[in-house]
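Two complexes are shown next, each including chain A; its partner changes from chain B in the first to chain C in the second.
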Partner chain A sequence: MKKKWLPYLLVSPYIIHFIVFVAFPVLFSLVLTFHEWNIISPMKFKGFSNYIKMFNDRMFWKSITNTFMFLIIHIPLQIVVSLALAEFLNQNIKLKGFFRAAFFLPVIVSGVVVTILWQQLFGFDSGLFNRMLVSVGLSKVGWLTDPNIAMGSIAIMATWKNVGLYVILFLVGLQTVPTHYYEAASIEGASHWQKFRKITLPMINPTIFMVVILSTIGGFSLFIEPYIMTGGGPLSSTMSSVLYIYKQAFQYFHMGYSVTLGFFFAMLILGVVVIQKKYIEQGDD
Partner chain B sequence: MKHIYILFLVLFIGCNSSKDEKDNTLLFWSSNNRGEIEFTEYFVGQWNKKKETKVRFQPIPEGQSSEEVILASVVGKTTPDIYANMWQGSVEMYAKAGVLVPLDTLEGFTEFIKARCTKKVLKEITSSDGHIYQVPWKINPIMTIYNKRLMSDFGLSKLPSTYDEYFKAGEKIKADKNNDGYVDQWVGYTAVKVIWYERLMNFYPLYIAASDGGALIKDNKAAFNNEHAIGVFRFLQKLYQKEYYSKERLTAGQDRFITEDIFTKWIGPWEIRHVDKFKQRDDFEIAFYPVQVPKGHKGPVYTYSDPKNIVVFNTCKQPQKAWNFIKTLIDKEGDKKLLEITTQLPNRKNLEMDSIFKEYFESHPKMKTFAKQANYLKGVDNSEVIVEVFDIISQEYEACVVYNKKTPEKAIEDAEKAVNNLLKN
Partner chain C sequence: MTKKILIYTLLIIASLTFLYPFYWMVVASLAPESEIGSLTFLPSSFSWHSYTQMFSKIPIGKAFFNSMITATITTIGVITFSSMVGYALAKMEFRGRKAIFYIIIFTMTLPFQITLIPNYITMVKLGLVDTYAALILPFMLNAFAILMFRQAFMTIPQALIDAARIDGCSEIRIIFQVLFPNIIPTIVTVGILSFMNSWNEVLWPLIVIRDESLMTMPQMVTLFSVGGRSEAQLGVKLAAAVVLALPIMIAYGFFQKYFIQSMASSGIKE
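So, the complex of A and B:
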């Protein structure tokens, strides 16, 4: 009898954790999408009105466009920069350990600290970047005040913050490529670029896939940077979907509506990741 | 076995006595700024020496904002008995949710509050259900601060009090000090961030001044589509267009008034201490005057009061005792201490004329300016969705004032439509 109970007892911590922190919140949130609730007053049943509101909410769709805009800039930039740095660190260079640690350092620094630091660097009148531009005779750039540039500035900052993590992933990938492939290619007279294109890239494809997926999911959750740096402005150009959902929940206390947006957004992320996976797998074939 | 009985008995008595103690203790949350902590520590210390009902004081726990912390405590039912520093605009939502004690049901409240506050303030704090859920406590009127030495350096013969005079001062002051082709000296600065509360420091005081204390919402409808709001948007828009103001997003550590790159800004009395602490030269002298108004404006200039009030949560088991404590906290002696320790003004009528405060104001002339202004104030309209109303105005403010994408007329009209739509739902 004791033996029959033992497996259940052993898995019970996970089951309890799953029920309390995953299953119940998800089910409760699903119920909440059909209600209006400001946390402190009783819930009011509203049918599908939150869903109808979502499809008519121009700011929400703008926030999704903004988020995709961020991903379009951020993911290629992240891959190119981190792969280039990983290639550099994979060579026999001096102070390799120092460089590896230096590139990884921003990853472990608090996101809020990094954001405040970059906000000062991006300052229009007194920021370091604009001072440098003016000192070489160029015009100042509205890094965070120009609606056409602000999201790009945030993407640059996010790339700097996260690049160290992806450098490590690419380094691991590069070190799994057997060296005799390169030796054989060298004997055949292949250039560095040919070796990179024909050997390195196909061999590290699983790593690229992983980096794309992680960057996509990380990019979709863009929040701290616009929250602190721009508040979603200028002209809502940096209003990310997560920031908008947060505002609905904790600024206006529209819990039902924010959960509806959250559900839709989660489905969107799932869809994008599935498409990415299929596309990259097709490339493998 | 005997020992176990004794142990249970001790535990029972222990629990029982702590329950009694808990029932006889009020938990009081104050703001967590240094001045208010000092004031509350002093006051609670004095109270606990004399009174049977003890008060346990705690600064509000740290959070992104005090509003978020209060909300979390309401949800978790861990609210204090008394909370001081509630923004007037937040009260209606909590009142409608039924988590606040209607204070006018407590003995002695109505008489006391009528003696303390003007009819205007009483009207402002009365909830839509006719009850009063907040005690008007303190105010920080928003005024224009200016640098006295720079005034003579810039050759200004009088303070720029109207929009036109402010533009003229802007033209005179605007300069490129380091010759890099960009303006680096301005007449003033105000935050450009789109978040709603920033409008309490620029659009809202200017709107109140232009409209002599006009409302944003009246009879559950937007009431701001008028010449005053349009005029304020046009005034601010021109300040950015002509580069009299910078569009820079400054971080908390950057202060252009202290570095003397600007001549004025709109601020409350807390700035007096700030300037004293951070000024970079001994001859850095400041003074205050009312916010700017349109040409031809007659009569006193009103402004936003930034009211912070005291509430009692319904988790309080002894609301009458809580009121007795609050009553002492905000009596004349309590208000005098508040003024002396925190340099924040009590929200009471005839503040400037009252003999008990006279000595303080005589020795603090800058604060006397604020006390005079205290006769011409407005808080916020009572609305459950006031934050969203400010947010809507803020979106239009950014599009029109900062980025010149809309005319003031169109921006205010769009804001009115959005607010009416919000209030309808």
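So, the complex of A and C:
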């Protein structure tokens, strides 16, 4: 064999990238979780104190609760809306391409744009939503100012941004259902709803779980929306974990502590996703 | 028949829900400041006032340039390096090939929250804070792109590669001259995803760039709208959002089908 080194040369950029940006940071962060450090002065060994601080840090746990609150609203809403729209589009519709393109527009636009835009829609006095409510005689809602509502508002916005992507994924899923299943059901006299419940839903189960996992990972990454809209408020009700980790590192310069939170949070995400995947595999049997 | 009408009605309402906010954003950015609060369809007159204000307050032109440079170099880097790795994994026999493949799968599942702060520290220690390199290097390669290229190269018949080797082509020339024309859809997919992700990325620039003259567009617009400089002027904020959205929207107008396919394939992969 000639040039045995060639494949290694071709993969070497990846190896270097992996060592510098994945392997080293993961190992280094493990070391850092046992230290106090502000980057400038030397590291101080602190044993488990970062972990103890984390378990007693009410704001961190609140940020995790907030994230789960977000997911509880976001995931069901995302599935119902995108599945409904995909089901409509799958009915031999004219202008299918136009509808698909319209739904997809928010997906490609920066989250910064979407957040600035929705901040205006959510505005208390002149926001579009409250103007609509007032015009039909209802009272204004504190979309971003009421601590009980703010996270829900952000979840609605995030759903709006991603629906287009999940409509496409559901459409792919719906097209895998063999049409003769529906024909057979029609002969038996099944209603539309029965066909949807008994044929469509079980057949697209894998797509539903994929959407659950993708939205979960997306929800755990929530950052720019509260950063721009609320700064984590009111009363920390929209403080997401990534925002809190960011603040620990770049507002208070607690690098060791911030890394500890990031490390723990990443393990939590992996745990949740692994549990979801287990559940999917069981569901498939 | 009534069912069809109902479905069309719902689809039209849904598309208005997705399109109208963007329409409102563009119109409001062109409306007189005093009318934005009550605007629904059209203002009494149009003006560029918000845009001239924005250009005088923030160096948005420079930010546009920075974003272009960053996204373009990142995209070229991802296509070049990921295709090399993908080719080696698909078409070459060597020890450790399996191991590298599993490492790539593993990095795809690793949440970014674990490497975020340590990567910032690396940038500080390498002296790369406030450089283009900090914006580009971490995104120069990605696991998803490698897997896409690997899959594309696996579908290419070995005979084509063997013939090129007999003609004396080097492996690099085989990848970029002989095989690339055969995998255009994959290159387009990876290209669109890399460019869009780089263009829209905001958390990482917020962390590694402090110097205003190096800021990317999303970062600049974010800091402008949370900081004091927009002075609660809605029109200026919206104008900045329009300028940030426009390039990707124009690209989407031309390559709509590719955008949708690329994003869908990335969803399905994960």
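In this section, the second predicted complex is superposed on the first by the 282 of 285 C-alpha atoms of A that agree within 3 Å, B and C clash if a C-alpha of one lies under 4 Å from a C-alpha of the other, contacts with A are read in each partner's own complex, and residues count from 1 in each chain.
Convention: contacts are C-beta pairs under 8 Å (C-beta built on N, C-alpha and C of every residue); 3 or more make two chains touch, one makes a residue touch a chain.
All of these numbers come straight from a predicted model, not from anything done at the bench.
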First (chain B), second (chain C), both or neither touched by A:Gln120: both
Partner chain(s) touched by A:Phe103 [first = chain B, second = chain C, both, neither]: second
Partner chain(s) touched by A:Val134 [first = chain B, second = chain C, both, neither]: first
Which of chain B and chain C A:Thr145 touches, first, second, both or neither: first
Chain B versus chain C, judged by how many residues of chain A each one touches: C
First (chain B), second (chain C), both or neither touched by A:Lys198: neither
Chain B versus chain C as contact partner of A:Val273, first or second or both or neither: second
Which of chain B and chain C A:Ile39 touches, first, second, both or neither: both
Which of chain B and chain C A:Pro234 touches, first, second, both or neither: first
Intersection of chain A interface sets (partners chain B, chain C): 39, 116, 120, 125-126, 231, 250
Footprint of chain A on chain C - complex, ascending: 4, 7-8, 10-11, 14-15, 17-19, 21-22, 24-25, 28, 36-38, 40, 81, 84-85, 87-89, 92-94, 97, 100, 103-104, 107, 109-122, 124, 137-138, 140-141, 146, 171, 196, 199-200, 202-203, 206-207, 218, 221-222, 225-226, 234, 237-238, 240-241, 244-245, 248-249, 252, 256, 259-260, 263-264, 267-268, 270
Residue ranges of chain A in contact with chain B within the complex: 38-41, 116, 119-120, 123-126, 134, 140, 142, 144-145, 147, 229-236, 250-253
Contact set on chain B toward chain A in their complex: 68, 71, 74-75, 93-94, 96-99, 180-182, 184, 192-196, 246-251, 254, 385, 387-388, 391, 395, 398-399, 402-403, 405
Chain A residues within the chain C interface of the complex: 4, 6-8, 10-11, 13-15, 17-18, 20-22, 24-26, 28-29, 32, 39, 85, 88-89, 91, 93, 98-113, 116-118, 120-121, 125-126, 128, 131, 160, 163-166, 168-169, 172, 210, 213-214, 217, 220-221, 223-224, 227-228, 231, 241-242, 245-246, 249-250, 255, 258-259, 262-263, 265-266, 269-270, 273
